[in-house]
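Have a look at this one.
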Amino acid sequence: MLFWYTVAVLLSLAIFSFLWKDNPLYKFAEHLFVGTMVGYTIVMVFSQIIMRKIVDPITLAVHNHQYLNLISLIIATLIGLLYLSRFSQKAQWVSRYPISITVGFWSGYAIVTSFKTNILTQVRGTVVDDMGAPLLNGELLGDFIKSPSWSSLDLAVSGPLLVFGVIVVLIYFFFSIKNENPMVRFANKPALLYLMLGFGASFGYTFMGRISLFIGRMNFIFNEWWPLLKQTIGG
Amino acid sequence: MKKILFLALVVLVSLSFAAAVKAEEERPLYGCELNLYDTPNDDGISVELEFMPLSSPDEVPQYGIDLYVDGVFMNTLTVVNAQALFIYTVPTDKRGAEVRAEVFAYDAEGTRQGPVQVEKAISTAQWYYSDRIGAFIWSMLFIGLIMILIGKAKKGQDIFIRRIAGLEAIDDAVGRATEMGRPVFYIPGTSIIDDIATLASLNILRPVAQQVATYETPFSVPIKDPVVLTVAQDIVKEAYMAAGRADLHDEGMVYLASVGQFDYAAAVNGAMVREKPATVFLLGMFWAESLMLAETANTVGAIQIAGTDATSQLPFFIAACDYTLIGEELYAASAYMSREPLLLGTLKAQDMIKGAVIFAMLLSLVFMLFGIDSVMNFFFQ
Amino acid sequence: MKTPWYEKIASVDKKILYVIMFVVVMIPLLAKWTYNPDVMDEVQDIYDEVEEIYAYNLANPDAPMGILFSFDYGPSTSAELDPMMMSVLRHAFLRKIPVVTWVAFVDSIDLGKRITNFIAKEYGAVYGEDFVFMGYPYPMTAAVVAFGSDVRKFLVKDFYGNVSTDLPLLNKIYNYKSIGLIVTVSGTSMPRFWVTYANTLYGKKIATGTTAVSAADFYPFLQTKQMIGMMGGLRGAAEYEKLVYELETELIGTDTEMYMQSVYKQNTVQKWDTKVFTPGYTEEELREHISTRMTARTGMASQAAAHFFVIFLIILANLGYFFKRRAENKR
Amino acid sequence: MKRTLPLALAFIFGLIGIAVQIVPALKGFLNTMLDWMAIIGSFALALGVSSLTRHHMTKIRRKHKDMFFSYVTFVTMLFMMIIGLIGYFQPESLYQRLFGNMYNYVRVPLDASMFALLAFFITSAAYRAFRARTWLATVLLVAGVVVMMGRVAFGPFMIFNDITAWLMKVPTTAAMRGLTIGIGLGIVATSIKIVLGIERSYLGGGE
């Protein structure tokens, strides 16, 4: 146990040494990391895909006489094997078949999905909130005028500001309209303002999580490994 | 829709039920609410069962639901009367199977009473996802528009594209590397080929590689995914041939650096500090490794041209890189750089669809002001 | 020629920044400084809810309410999320509220078991009577729905292979009627799942703990009261930790070490199943139990130091930039 | 054969990709397709490993000064592979435990440490980028600093916490949403171009 923990700590320190400068310790850790991950991936592809998706189903299909299934699996395997044509100079172009099948399938697959999740759902979220209340809401504005306070102001203007921001950012990224177009000129500055506020805030927001990761690492070294070391050495 | 109605029903029932408790009125003996319906949006191998016990737990502590598929007994579900909704998906394993559910009530002595309610449903397959049909129609509209505009572009109609700073900078950046005699790195994101951002980045790789070949600058393309590797190898090779510098091409330029997220970052960071590139392209899909690559590139004094559609990583590129292609600029790049009429036509179509989306959004907003949501539901179902 | 100070600032070596950053983070961590944040409403709400369950249980000793804890996170986010889970668990055990725990992912089984037992041990809780660990229920949706009628029918055995109907705790708490609160701690979108199922379908109260990065996603649910409270990131954890620390001081005094050892001094050691945890502590274990009582607050001290350091750096960089530009304009 | 057939395949499989998205009755078929994609993709790993091997072999052949480290990569790769494969056929064996330990105490800490380096990178990036050069950079700077303050605020500074919440709720959401919609259009357009065979540079470009 202590051995493995120590390995983990030493490797962590080797990675951190990169911050000072590139050095043999980091190089060692880096190459070890690459080797481990590639080896791990080979094992995973073998056990999760070659065995679970090819060998086992084929055996099962033969056993249960599901020939349709069997043919489908064999075709897929053969297409996959076409990749190996790249090892020969002459037949290299055959590897384009599996590539175009993969690229074609995923492109087609992406069309409706991204229209739905990236566009329609997002636009809907700009028209009404999660609870189905409209973002442009005259009533909330009325509430603010009746009883002005910070919270009622926030409620009244947040929705419209959000809608405005989405629209100017969308307009900012029109490619085929000249910059002199009054609409584009109008949207330009507010769009940049929204983008920069958003990027700055996201940056600051993520900062916390990144520091936490380092603290977590240090906690491992000082609160897990160090006590274990003392315990083992001390008896 | 049915589900929502049913939920509303449950709420109503429980409300009236609460009222009933207060009034100490009689409750239906062995009462219950069973609802059996075909599973929506599936390929017809199951039906949904929803069950709400209505009797008091003292009188009927437990219910049993017998399930039959095509008249053959399958199993019995035991439902403890917690006066809460019980949901279950009945698998039929084939299309067009008739499922029958019979509810029996067990009284306090454990005697089986009933059946108190019997419901039937047939499992059927649907031909379209009711919630995706809107997206499908929009997509078809988009395809149609692209076809039309490509036709126009082919006829030679000029299509204007505004300047994109990040792409204008590519030429200078490669030139700078040549002057300094240091290599150019191109990182096509760390995602797989399924990711359209990776494809967008590979589309930019070609003109960049061609330029690098013309300038005779050392080139290095470390890659994470094996399929992306094969594609990138072809692209770079053909780009060198197109530039007439096949002699400079080396198979080792495009190589697999590693296969995982952070081991890839470790390997590329290592390569950067050792080979000291003058220009680093970071285009494609990135996750947390974005900032590691960008900062290391800065440390070795490289110009970074970044671009990603990952909104969570854009702030880091904006902060750390010299030029950043923001979101859709990455997708526009291939049209922008090649100036090919077909691609420009698509870009124009994209703008038009965007205009339509904005218009539909404004219309929905206006109607929502008056509490009318049918416009929104029509456009953005 | 001497380089002016503002030039130096503009071109300061990154290594210097890194070293100072390292020191700034390490000092609070090693010196065990604690940062006591103001408790925000969304965290206080969770605490109050647990206290309400305690009050309810005092009034109804025969039909107590329990809390369901779902470990919806894996080892990768445990630095931020462990302290939250530990604090709320401590609160529940301190108030003798029945505790049911389970995990949402295969990877988390070990983690869920370890933390449940770790905290249970501090208060001498008895497995099967005061708490149970149900392991990894699969599929999760079915398990959540099963709690609507009788979870013992779905999870016939607990993690250790005991028959559910033999466990006294599960005979009192087997459906949502006797679950007062569901605590989901997660680095993923699992809290949404809980809102959809347990809250919308069964009207159960949901309390969430989440990483700093995901916290923004869940604010809408707080506004709509679909979640009663949320702990976001290390800060949320530190706030709850502080509340529990105060409660603990009030109930058992400042000498927690004494208290923990005293639990196992009586001659009733056989009460505890050694499969779950061994009664009694070694020196090292004791120290670990004490130090986990302040992980979030010391972490938060480092965190705050890092934030202030970076803000200081940014101000410095801008001053340097300002003076440099002024000097250039003069020339 | 070299160009037309790949384009035709992309078109056909593109249509299949669209169909499985909108026809629920094809759910079973979708699973078959996903299995296909996994199977096909798995063979590319052989190319990846060969590329990696070549990369490091070149270093060794050229007697590069870092050739020792290339050996490190080879040895760990083979080691992981062998213990993993033996462990797969002999579950519960020593090999499998060793494989598990290599994963937990070599891969996981390396991963976590690389991730933790970001704490430093984000610091230097902030130091460099957050300068009030233009009004835009100033906006970025102010938003960043306010949020950083808000995340650890206490006592009288709690106002920063409220501003943070508002910044995240309104401008950030608006900006990200606008970007996401535009990106969605870019994705759809690129996908359509590929399915229709307009964009063909993934086949190596050129005519």
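Order as written gives the chain letters A, B, C and D; numbering starts at 1 within each chain.
Definition applied: a residue touches a chain if its C-beta (ideal position, glycine included) is under 8 Å from a C-beta of that chain, and two chains touch if they have at least 3 such contacts.
Everything numeric in this text was worked out from a predicted model, so none of it was measured.
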Output for shared partners of chain B and chain C reads A, D
Which chain has its C-alpha centroid farthest away from the centroid of chain A?
C
Chain whose Cα centroid lies nearest the overall Cα centroid
A
Most C-beta contact pairs, which chains?
A-D
Rounded Å distance between chain A and chain B, as computed from the means of their C-alpha atoms:
11
Distance from the CA centroid of chain C to that of chain D, rounded to the nearest Å?
29
Between chain A and chain D, what is the gap in Å from one C-alpha centre to the other?
6
Need the CA-centroid distance for the pair chain A / chain C, whole Å please.
25
For chain A, which residues are shared contacts with two or more other chains?
15, 18-19, 21, 27, 29-30, 33-34, 36-38, 40-41, 83, 86, 96, 99, 102-103, 106-107, 109-115, 119, 123, 126, 163, 166-167, 170, 173, 195, 198-200, 202-203, 205-208, 211, 213-214, 216-217
So which bits of chain D are touching at least two other chains?
18, 21-22, 37, 41, 44-47, 49, 52, 66, 108, 110, 112, 114-115, 117-120, 122, 124, 126, 128, 130, 140-141, 144-145, 148, 151-152, 168-169, 172, 176, 179-183, 185, 187-188, 190-192, 194, 202-204
For chain C, which residues are shared contacts with two or more other chains?
14, 18, 25, 212, 216, 233, 235, 303, 306-307, 310
Which chain C residues qualify as touching chain D in the complex?
12, 14, 17-18, 21-22, 25, 35, 37-38, 40, 75-76, 212, 216, 219, 233, 235, 300, 303-304, 306-311, 313-314, 317-318, 321-322
List of chain D residues in touch with chain C within their complex:
108, 112, 119-120, 123-124, 126-128, 130-133, 141, 144-145, 148-149, 151-152, 154-155, 158, 161, 165, 168-169, 172
Could you please specify the touching residues of chain B with respect to chain C in the complex?
7, 78-82, 84-88, 299
Which residues, counting only chain B, touch chain D once they are in their complex?
41-44, 125-129, 132-133, 136, 139, 142-143, 146, 150, 192, 194, 196-197, 199-200, 202-203, 205-206, 225-227, 229-231, 234-235, 237-239, 241-242, 251-252, 254-263, 265-266, 274, 288, 291-292, 294-296, 298, 309, 311, 314, 316, 318-320, 326-328, 330-332, 334, 342-343, 346-347, 349-350, 353-354, 357
Touching residues (chain side chain A, partner chain D) in the complex
4-5, 7-9, 11-12, 15-16, 18-19, 27-43, 45-47, 49-51, 53-54, 57, 72-73, 76-77, 79-81, 83-84, 86-87, 93, 96-115, 117-119, 122-123, 125-126, 154, 158, 161-170, 172-173, 191-208, 210-211, 213-214, 216-217, 220
